[in-house]
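Heads up, the thing below is written out as structure tokens.
When the chains are written out, they are named A, B, C, D and E in that same order, and each has its own residue count from 1.
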Amino acid sequence: MVYLQYFCAFGQCFIGKLMYTDTEFLSATTTPFSYFPIVLQLIAALGFVGITMLATHFLGPKRKTSDKLINFESGIEQKGNARQPMAIKYFLTAILFVLFDVEVIFFYPYAVNFKDLGWDGFMAMLMFVAFFLCGFIYITKKGALKWED
Amino acid sequence: MTLLSIDWFFIIEKVLLISVVLVLSLVVAMYSTWGERKVAAWIQDRLGPNRAGPMGLLQPLADGGKLFFKEEIIPTNANKFLFILGPSIAMMVACMTSAVIPWGDTLVIAGHPVSLQVADVNIGVLFIFGVVSMGVYGIMIGGWASNNKYSLMASVRAASQIISYELPMGLALIALLMLTGTLSLKEIVEQQRHGLWNVVYQPLGFFIFLICAFAECNRTPFDLPEAENELNGGYHLEYSSMKLGFFLFAEYINMFISSALIATMYFGGYAFPYMDSLGLNPNMVTILGFLALFLKTLFFIFFFMWVRWTIPRFRYDQLMRLGWKVLIPLALANMLITGAVILARQH
Amino acid sequence: MNALISTALSGVVLMFVGLFVRNKQHIKFFAIAAVIIAFIANLAQYPSVELGGYVMYGMIEVTKFGVLFNAVALGATLLYFLLSGSEFEKVGEHVADYFALIFFILAGISLAASFSNLLMLFLAIEIMSIPQYILAGADKKNLKSNEASLKYFLMGAFSTGILLMGITLIYGAAGTFNITELGLGAESVHPLALCGIILMVFALSFKVSAVPFHFWTPDVYDGSPTVFTSFMSTVVKAGGFIAFLRMFHTSFAGGTISEHWTLILSIITAATLILGNFSAVFQQSVKRMLAYSSIAQAGFMLFAVIAMNNMGTQGVILYSAAYSIATIGVFAVLMKLKDYTFEGFNGLARKQPLLAVAVTIFLFSLAGIPITAGFFAKYFVLSAAIQHGHLLWLVILAVLCAAISVYYYFRVIIAMYFKQGDPGVENITGGFKAALILAIALVLVLGLFPNLLLCWL
Amino acid sequence: MPVQYYIFLSIALFCIGVMGVLMRRNAIIIFMCIELMLNAVNLLMVAFSKMWADAGRVDAGSAQLFVFFIMVVAAAEVAVGLAIITMVYRNTHSVDINILNRLKN
Amino acid sequence: MLTVLLILIPFIAGLIAFGLKGSGPKVLGMISSLATVVIAIGAWGRFGTAPDSLNFVANWIPQLGSQFRVGLDGMGVMLCLLTAIAFLLVFITIYNRNYERSNSFYGLMLLSQAGLMGVFTAFDALQFYIFWELALIPVYFLCSLWGGEKRIAVTFKFFIYTFLGSLLMLVGIIYLYFQTPDHSFSWASFTSMHLNPEDQKWLFWLFFVAFAIKMPVFPFHTWQPDTYEQSPTPVTMILSGVMVKMGLFAVLRWLLPVIPQGAAMWSDVAIVLCIIGIIYASCIAMVQNDLKRLIAYSSIAHIGLMCAAIFANNEQSLQGVMIQMFNHGINIIGLWIIVEIIQQRLGVKNLDQMGGMAQKAPRMAIFLVIISLANIGLPLTNGFIGEFLMFSGLFQYNHWFMAFAGLGIILAAVYTLGMIQKIIFGQGNTLTDTTTDLQPGETLALSLVVIMILVLGVYPKPMLDLVSSTSEVVNKLF
């Protein structure tokens, strides 16, 4: 029942708001509408990319031969599928990135509020960095970052 | 008739601005190729392009036109959809980054204030981060879709490299954020306008950021993904026509945007010394500010090229070691020292 | 709180120990020492909470109950290390990492025992779960282990998503994450919260493998390396229950709506009991039987959650202790055998009388036969349900299921004592025997004097 | 924008995620669907945070904090999950969960 | 303290026995059982002079309000005595046997004795439950380890039956516990609380099913013949001589006084079940060829009668039941001793293969006849007085019930005499010709049985005095 109400409200708001995009919303930096220009730019970029892609598709000549459509392997005959498992190192790097990157995420709100938090916050962050370093040293020692072998 | 209450002026203004920015990016990118060759020639003591137009100035146009009219080849083994998606994403991302960079202060045209920033969002830095990290998808998808061993290898390398250098980049930025206390690029510039440039406070941070910017743009000495002597041209090996063009363009646009970003964040952006004490018309100041930013950006683009023709390419393990074992600890230390110093000065 | 800190730090320390210490025996000793330290640190906190818990930043509430449960979990882990610590080496190379992961799980458990904020609940459950995904797949070359790991991961992550949606919807309705302020058992509940609660109950049921959210359990327990199954199906499961219990007793109790939750949960309980027990009957492998039996035992522990009374709280502590010790013991012996089927136990009583006696006593405890800890465990949870007043049908059902459980537990005893055979048994060390005797003693002592544990509450 | 929009969007995303988990057979896609669920939750959480902040609750920021934790945990899950999927792929050369039925008796 | 000793001695002896070798366990068992007999007799003496000294209370689980509370009333003394004597008789009978792993055998026997003693002395419901279970487990192992061919399945069935029953009882106990005003498990609290009749209605069944399985009463009896048949005979002696009394005892101690209205409501149903059991078991016994099964069925019939008498709810019948518990225990043990002897001599259980034993083993034949007659309840044997009291109690309750139950007596006479005839009279065959007569140990055991039969048959007063106080209490509370 409540959802039905929500649905109606949704419908009303949808019609109302989208039609009525006011300058007030558009110029303020704190509302979702401050992203509106970004949407415009996205549309522009999409349009540019799409049109160019289409244009080149029709502009270029088309003389397809089977040899031409084979993957280039320095002139020797193609062997097997390219999509083989890669060295696990790359994968490990990716995973480590994910892990460390989210730790970096935590620095952002801290950095923005850093002056208000003062030394207490700094100490907490120091602890956090210590854990960060623990992980970092651990993976280093484990040889996760060794590419030489 | 609610439609009429839309602020058409605002929209037109933004559309114009966006078009200008995009065209500017493209033109700068195009002429970067020319610049690159000229700089290379200059460094290597040769002439560089000089046939098309005066000083070869029409060379980029010729190159662009050629790309448009080249045959479009999609290998049979490739995944067609992804094959097209890859360069598209790369280009899209390159075009999106410029949205939050403040190209200048506010112009006043016919009583309307016109900001020279497409969108002043309060999380500008995060936006750039978010969009830039999308770039790796373009490369990865492109490399994967080609179904070519070299391409795949290159794209995996590129992905690894880009994400690896994103960490120190983020950490370096955090030190900057501690200083500025805001994520809005506009405010960062405004702060520098009234004080010293951030590079003074953050030399190490700037240095780390710069190195990471090189890596993010796959520029030499970190251009492993397209190391032609190892990988026959890298992730865009199978590409031709404008799809190849997109990859190349994207790289140059990225270089441009990176330079602009470095200038904005560390070198005062559109601010230039004494800009508020010259006593000029505000619009004039704004235009001068834009020019200042443009000059700074051009300098960094030049710097990119200068480095390219000066420093040899890293080996992959050296690259990764530099990223993980040198830059990350350095950036962390930079962050902590910055924090401690700021707090100490506060009291 | 001490337990949380000490286990988390121990985990980190053990990771590094693995880097610098090559001898696997030494790593084991490190782990044992660490768990003892954590145990003592945890108990050291007891005097400060004896007169009432204290709250930290509205996130964690340290209570006597939490401290006691941590003591049980840490004690059971200690026993587990003593009994099965040397089995870690057989799984793979990274022994120290396995130990470290177990310590992280323990940190999650101690968080689960003392959260007072939904954020901490979420973190507790995740900290408990994620290391388990890794442990389940620790035997990297074994396809069964791989599958267990993948299945566990996908299911676990899925249930996490559901849990989070539940939490979010509840937050949307209540505006707070503090479990004491949610008041989900009140006279009327916001419709958003209704959906949230149901999602949450489902997700938590998932984590404690209650029917019908149990389907991952047998496969995962069967596929995982046995030494980790032993831990996962005991201490960790108890940790899940403690989270469930805290959530239910603090937020869902009191008020007319709470009866509906009780009803939902009692249906889940009934299903868990019936399915767990009946499926266990048909298993051929003891390991798999124990997996199903853990589902069945979960049914009993759910009583403590439903009942929402003091008896239930005591019951879940006792049940955790009894169930953990007994199951860890059975698994420890199982790991010494070559053949995990029932036939593998044939004639064990002749060949290794001590092992046979130990298994018998542990199984008695699991079946709930007096003078073993399991009896009082069952006693308390059944009492809790009877005290609740409206659950007598469930109690009778539980009793019938307990009788069924005797069937499959006794199959092992029958195999050991009454059948002829020559079971392949690995070398039994004196230390193992001593630990086994310790476990037997614990089971019997708790079976005679449950108040030794409960007097702390 | 009213919070209902966000509720509907999130629920829709969440349901897409759930259906994906239940219907797809490729481990990676299931995994992506799970991430979709988590992101739906994140979105909703932030929306609710805003809602309660507008309603005058001073502690509404805690929901945004929650989102951070969800992200972190999701990252941890990604790390573990991808590792597991890779491991399975290396052993079976497939990530189809249907062929993983060895444990069923 | 005497009461505690009754439990402790067999318990400790049992534990020690596991560690002994050779004939050690045998001797230990003998000593321990003799000691328990002496203590039981001592307790009897004390009961006359200072009954309170038999009670012992110690704190156990204060949180639950459960105490270690043992004590003896008349019925308790009598049953403890029966238990002690039964084990003594068993140990005497099997003294010459050599069991494989005899240490375990004796250990388990003694442990089961400890459990039984605990059941009969418990005055705390939780403790009662625990001993109830504990008495069962050693028996389970005894049957499964030393029993007949089908022992594993059969004893398993037996175990699950009784375990299920006792779990139901546990539910009942917990429920009652919450009803007691002082949250205590003590017998006094249980009997003094006021339960509403609605609750009593279903609580009765929780308890009755548990006890009925143990006794066993139709239709819960199906485990019994199989188990008796498959168990090693010494264990069967304990099962049928003492363990089934646990059920009767429990009804008298924990059902009637605690749930009086429930019992009153359902007593007709219970009695009807019992009578069906009597007639059904007797009929099967008549056509039974297997000696052990025959006696098993006869036991069902007898227990059925006792159970029916309990629910007849008057003092006479209660008194009758109580002394019959003792007497039936003695008689049936006597019978089983003879069965054990026959089985050991002949190696078969089929009655058709027997005959003419009177010539070969005259002493045994005499014993058999006396015990059988006692079992039927002939005057001047101990069986008579109990049966007489029960029948008169049942008669007071309802004529028809008495009439049907009386049918059981007649049928009992038929199959018992038939059995005697088949065993000791008629033509001997090659198998029976090899039989030898009783050995000294066996003679001693049987003599003890027969002496008790005769003495109690002629002079039952001490027994009646012993149980009268208890039956009064039960009747009053009922």
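Everything below uses one rule, namely that contacts are C-beta pairs under 8 Å (C-beta built on N, C-alpha and C of every residue); 3 or more make two chains touch, one makes a residue touch a chain.
All figures in this text were calculated on a predicted structure; none of them were measured in a lab.
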item	value
Most distant chain from subunit C by Cα centroid	B
By count of C-beta pairs in contact, the leading pair of chains	A-B
Between subunit B and subunit C, centroid-to-centroid distance (C-alpha), Å	53
Separation of subunit A from subunit C, taking each centre as the mean of its C-alpha atoms, in whole Å	39
Rounded Å distance, subunit B centre to subunit D centre (Cα mean)	32
Where subunit C and subunit D are represented by their mean Cα positions, the distance between them in whole Å	26
Of all residues in subunit D, the ones touching two or more other chains	7, 76, 83
Residues within subunit A bordering two or more other chains	94, 101
Touching two or more other chains - residues of subunit C	none
Touching pairs among all chains present in the structure	A-B, A-C, A-D, C-D, C-E
Touching residues on subunit D, where the partner in the complex is subunit C	3, 7, 10, 14, 17-18, 21, 27, 30-31, 34, 37-38, 40-41, 44-45, 48, 51-52, 55, 57, 59-60, 62-63, 65-66, 69-70, 73, 76-77, 80-81, 83-85, 87-88, 91-92, 97, 100, 102-105
Partner subunit C, residues of subunit A touching it in the complex	1-3, 131, 134, 137-138, 141-142
For the subunit B and subunit A complex, residues of the former touching the latter	2-3, 5-7, 10-11, 14-15, 17-19, 21-22, 67-78, 84, 88, 91-92, 95-96, 98-100, 118-122, 126-127, 144, 146-153, 156-157, 159-160, 163-164, 166-167, 170-171, 174-175, 177-178, 181-184, 232, 237-238, 241-243, 245-246, 316-317, 320-321, 324-325, 328-329, 332, 335-336, 339-340, 342-343, 346
Residues of subunit A defined as touching subunit B within the complex	19-23, 26-27, 29-30, 34-38, 40-42, 44-46, 48-50, 52-53, 55-57, 59-64, 66, 68-74, 81-83, 86, 89-90, 93-94, 97, 100-101, 104, 107-108, 111-115, 118-119, 122, 125-126, 129, 132-133, 136, 140, 145-148
Subunit C contact footprint on subunit E (complex, rising order)	60-64, 126, 129-130, 133-134, 137, 141, 144-145, 151-152, 156, 159-160, 163-164, 167-168, 170-171, 174-175, 177-178
